[in-house]
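Structure record follows, encoded as structure tokens.
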Amino acid sequence: MKNRVDIQSQTDLRKITIDKVGVKNVRYPIIVEDRARGTQHTVADLDIYVQLPHDHRGTHMSRFLEVLNRFHQENFIPNLQEFLQATKLALKAEAAYTTIKFPYFMEKKAPVSGIASLQAYNCIFEASLDNNFQLIIGVEVPVTSLCPCSREISDFGAHNQRSIISLKVRFHDFIWLEELIEMVEDTASSQIYPLLKRVDEKFVTEQAYKNPAFVEDIVRELTLKLMQDNRITDFQVEAENLESIHSHNAYASVSRSKDETNG
Amino acid sequence: MKNRVDIQSQTDLRKITIDKVGVKNVRYPIIVEDRARGTQHTVADLDIYVQLPHDHRGTHMSRFLEVLNRFHQENFIPNLQEFLQATKLALKAEAAYTTIKFPYFMEKKAPVSGIASLQAYNCIFEASLDNNFQLIIGVEVPVTSLCPCSREISDFGAHNQRSIISLKVRFHDFIWLEELIEMVEDTASSQIYPLLKRVDEKFVTEQAYKNPAFVEDIVRELTLKLMQDNRITDFQVEAENLESIHSHNAYASVSRSKDETNG
Amino acid sequence: MKNRVDIQSQTDLRKITIDKVGVKNVRYPIIVEDRARGTQHTVADLDIYVQLPHDHRGTHMSRFLEVLNRFHQENFIPNLQEFLQATKLALKAEAAYTTIKFPYFMEKKAPVSGIASLQAYNCIFEASLDNNFQLIIGVEVPVTSLCPCSREISDFGAHNQRSIISLKVRFHDFIWLEELIEMVEDTASSQIYPLLKRVDEKFVTEQAYKNPAFVEDIVRELTLKLMQDNRITDFQVEAENLESIHSHNAYASVSRSKDETNG
Amino acid sequence: MKNRVDIQSQTDLRKITIDKVGVKNVRYPIIVEDRARGTQHTVADLDIYVQLPHDHRGTHMSRFLEVLNRFHQENFIPNLQEFLQATKLALKAEAAYTTIKFPYFMEKKAPVSGIASLQAYNCIFEASLDNNFQLIIGVEVPVTSLCPCSREISDFGAHNQRSIISLKVRFHDFIWLEELIEMVEDTASSQIYPLLKRVDEKFVTEQAYKNPAFVEDIVRELTLKLMQDNRITDFQVEAENLESIHSHNAYASVSRSKDETNG
């Protein structure tokens, strides 16, 4: 192979910087910090990109995996900035990006019986490094929402459903995924649980009925909390109800930067 | 290309008949019979396969599309047996198969206000032809289910959720998709609707509360109806609740052939 | 129901404007303009949102569907601005948004045999109306990409694969979806086709081998064309290779606004 | 709650046994045996069902989770029969079923450079217990397939693509997932790898070109191997090519029971 051209290293004359180039949907086992248990093992889907300078024909895709393997499971998540720095160096790039999606497990105790079991939450880390390191962390939290209108107008009952509340934050002081999850769960009509005995089911049913909330209410209550948390600088909240009375979903979203005026 | 070998037409010596070979996930516009409006346009995902005799090296993938194009939108669904016969001939096969998945739209009137709008249902046709032509038709129907246990044990309210009820039938006398859909909708705690005004929302909320049903109840009620419908020879019923109090689903299924003893 | 409170119409004191609130994943049959045939029927997934003023407790979800039904299939896509204006009015909102995803079919002729068949493309319209109407249109185009590096270093063959090229544009003069699709198809190693006879398969195989392209090359070539098309004011290009030699994908993206300096 | 009825425990008079009832899409961390490293941590999606006798109104959904929690991560996969036995007891059922889907990681060494990295494979266990315990294990293996026809008719190059080969087996002597994966990988035009340097990419490109295979060839070669492996009693093989020259897939499947005559 000595005389073969290294195509990726050719000079490119089209004068077009590529915003992001790299590998997508790399499945990889990771180890994540766990507030209760120290660490937990899970499995991630990774996207890893760099910015490609206008005069480089191509990036070297294999190097993304080489850098990842160097950090490996134990050292990957705790060292995202170093990982992106190493990626920048290996790819000779001005900026590097990674998005890491994974299920995260928390033990939840049923509200009356106290029986514990594991609840999965889809989480996300979005990290970038040019001159500055930036990190956004996010959680998707399944909850129960009960419709205030349905409760008001009906002689008995009220439609309710599984809702998925998504929260992404940028912050300047450390925040646990668990804190974000709990912030969301406290905002819904009721939390959900993997395991509910009869006494628990009675509790969550009545709890939801006593706390009706539209998607609008959920995103507003979360916004109030997030505005008050000084660790958080920017956030996006989305609520999506898998409506029990429709086959389409109800949706609401609010994004804020703490600099912005609100309202 | 004169001297090039026709690889697919080579003789195969491995003595292995291939059960199914062909094209998968072909997206195609189709026209379906509509009880209310004569016909409707929709879009299908098609799988089309043949059985490949043990002594043929390969099938000719392009011929599946040629046959499909010959039938085209107007003549495809009304002539499934002829389509499979033509596929068998074109591919020199003993058996041909097709699976056709598509959204089907029915106008639904809100239960009190009477306002009409379009509800989509995922439908499926599974057709095969060896010496005999066989056709299975199926519908996926979103409904509301309300938990009998939650209602019984709670002082107010009851958890409820969107459920997806799937029904597939084999039959000897013609059945409309609309009939299958209505059979399912009548079995749930409440039908769902694309558009509900306040009077309608009150109605469906109270209706669901008055008709609690487990997934077990839904599949059993449907089974009773299907056993009594003499046009139907075999069926499969599945109910899946997107539980509002859990992030996992509740599921039940029953399959019966009319020859079988039941129970 | 006379004495029941209209909860959605209550005054909200939390002083939080909701960016977007409405209905998501509404499935609806639509009719789209077709350069070759006038119009075509297809099926869309719709999201429809409004901005909710800070002093309104909730939006009225049923009105989204009422407005949609008023426009109905025939008048929906040709009148997106009027549709959003009607939505703003019905919901008493300052801004309205819709995203419309649908498969769009074009007849493609095989390159040598000339046999025609239908190719599906996932398309998208993103429309918004506050004081100004804005529209982004997008296409997802499956193509073949053949790796320049693999070709250079190998004594024979070169790995190639299905790639999905996504293009979204904002524009000030009308552009057909067909034009965007053709622009993308001309940029790949080879176009793909639903139906290829042997002479066609020889053609596309050799064509791809003669036109190797990295994801980087594809997004750059498209960027050059889009920069030169004066109708287009902003664009985003993404290329994603379903790599035949990996289970992860290769990805590149470029976004540009015509005001920006490029490179 | 003392006077409330236990609805699930009511007697049912409809005389309809429910084939399967239980929980679906339970996400759960698991520990799986690993030929190279002893064990590995991963994350599963679980369905757990029982058969419900005709005279029972409902099953007790919470007990499925209670049994799962009793086995927990460490003791779940190694004790599937005991798990199903405990499920039968807890639910007073004649039969219990579980389906367990999870990504499984194997270290793969690039074919020339020898650089190791982790490849994910979707795996499945399908276990049932009535009077007998039955277990089916399955793997989904991404490989490269190169089209024999395209190679034969073209002056240079040949279209190739990522293929997904699925294999499920029933067996009477222990088989590692790794053995099934290797059996599949040896059958394709080329294996795929997470990380390939230039020397490796040359190798796999040329390897694929030297080993063209239709989906038909892949399922037949696998069938021959599976027929000869005396540990295996039944199997199903599926091959699906993400065709690089089409947007639809090519598919072939073979199922055999060792009792059956073959061909």
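Which chain is which? They are A, B, C and D, in the order written, and residues in each are numbered from 1.
One rule holds for everything that comes next: a residue touches a chain if its C-beta (ideal position, glycine included) is under 8 Å from a C-beta of that chain, and two chains touch if they have at least 3 such contacts.
Note that the coordinates shown come from a computational prediction; the quantities given were computed from them, not determined experimentally.
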Ordered by label, the neighbours common to chain C and chain D are A, B
Chain at maximum distance from chain C, centres defined as averaged CA atoms | D
Inter-chain centre distance, chain A versus chain B - centres from mean C-alpha coordinates, in Å = 35
Indicate the whole-number Å distance between the mean C-alpha point of chain A and the mean C-alpha point of chain C.
-> 25
From the C-alpha centre of chain A to that of chain D, how far is it in Å?
-> 28
List, in ascending order, every residue of chain D touching at least 2 other chains.
-> 1, 26-27, 120, 149, 153, 194, 196, 198, 202, 246-248
Flag every residue of chain B that touches chain C in the complex, lowest number first.
-> 1, 6, 26-29, 40-43, 62, 65-66, 68-69, 103, 105, 115-118, 120, 194-199, 202
Counting only contacts in the complex, chain A reaches chain C at residues 1, 4-5, 7-8, 12, 14-27, 47, 49, 52, 54, 57-59, 61, 148-149, 152-153, 214-217, 219-221, 223-224, 240, 247-255, 262-263
In the complex, go through chain A and note every residue touching chain B.
-> 119-120, 142, 144, 146-147, 149-151, 153-162, 190, 192-194, 196, 198, 201-202, 204-206, 208-209, 242-248
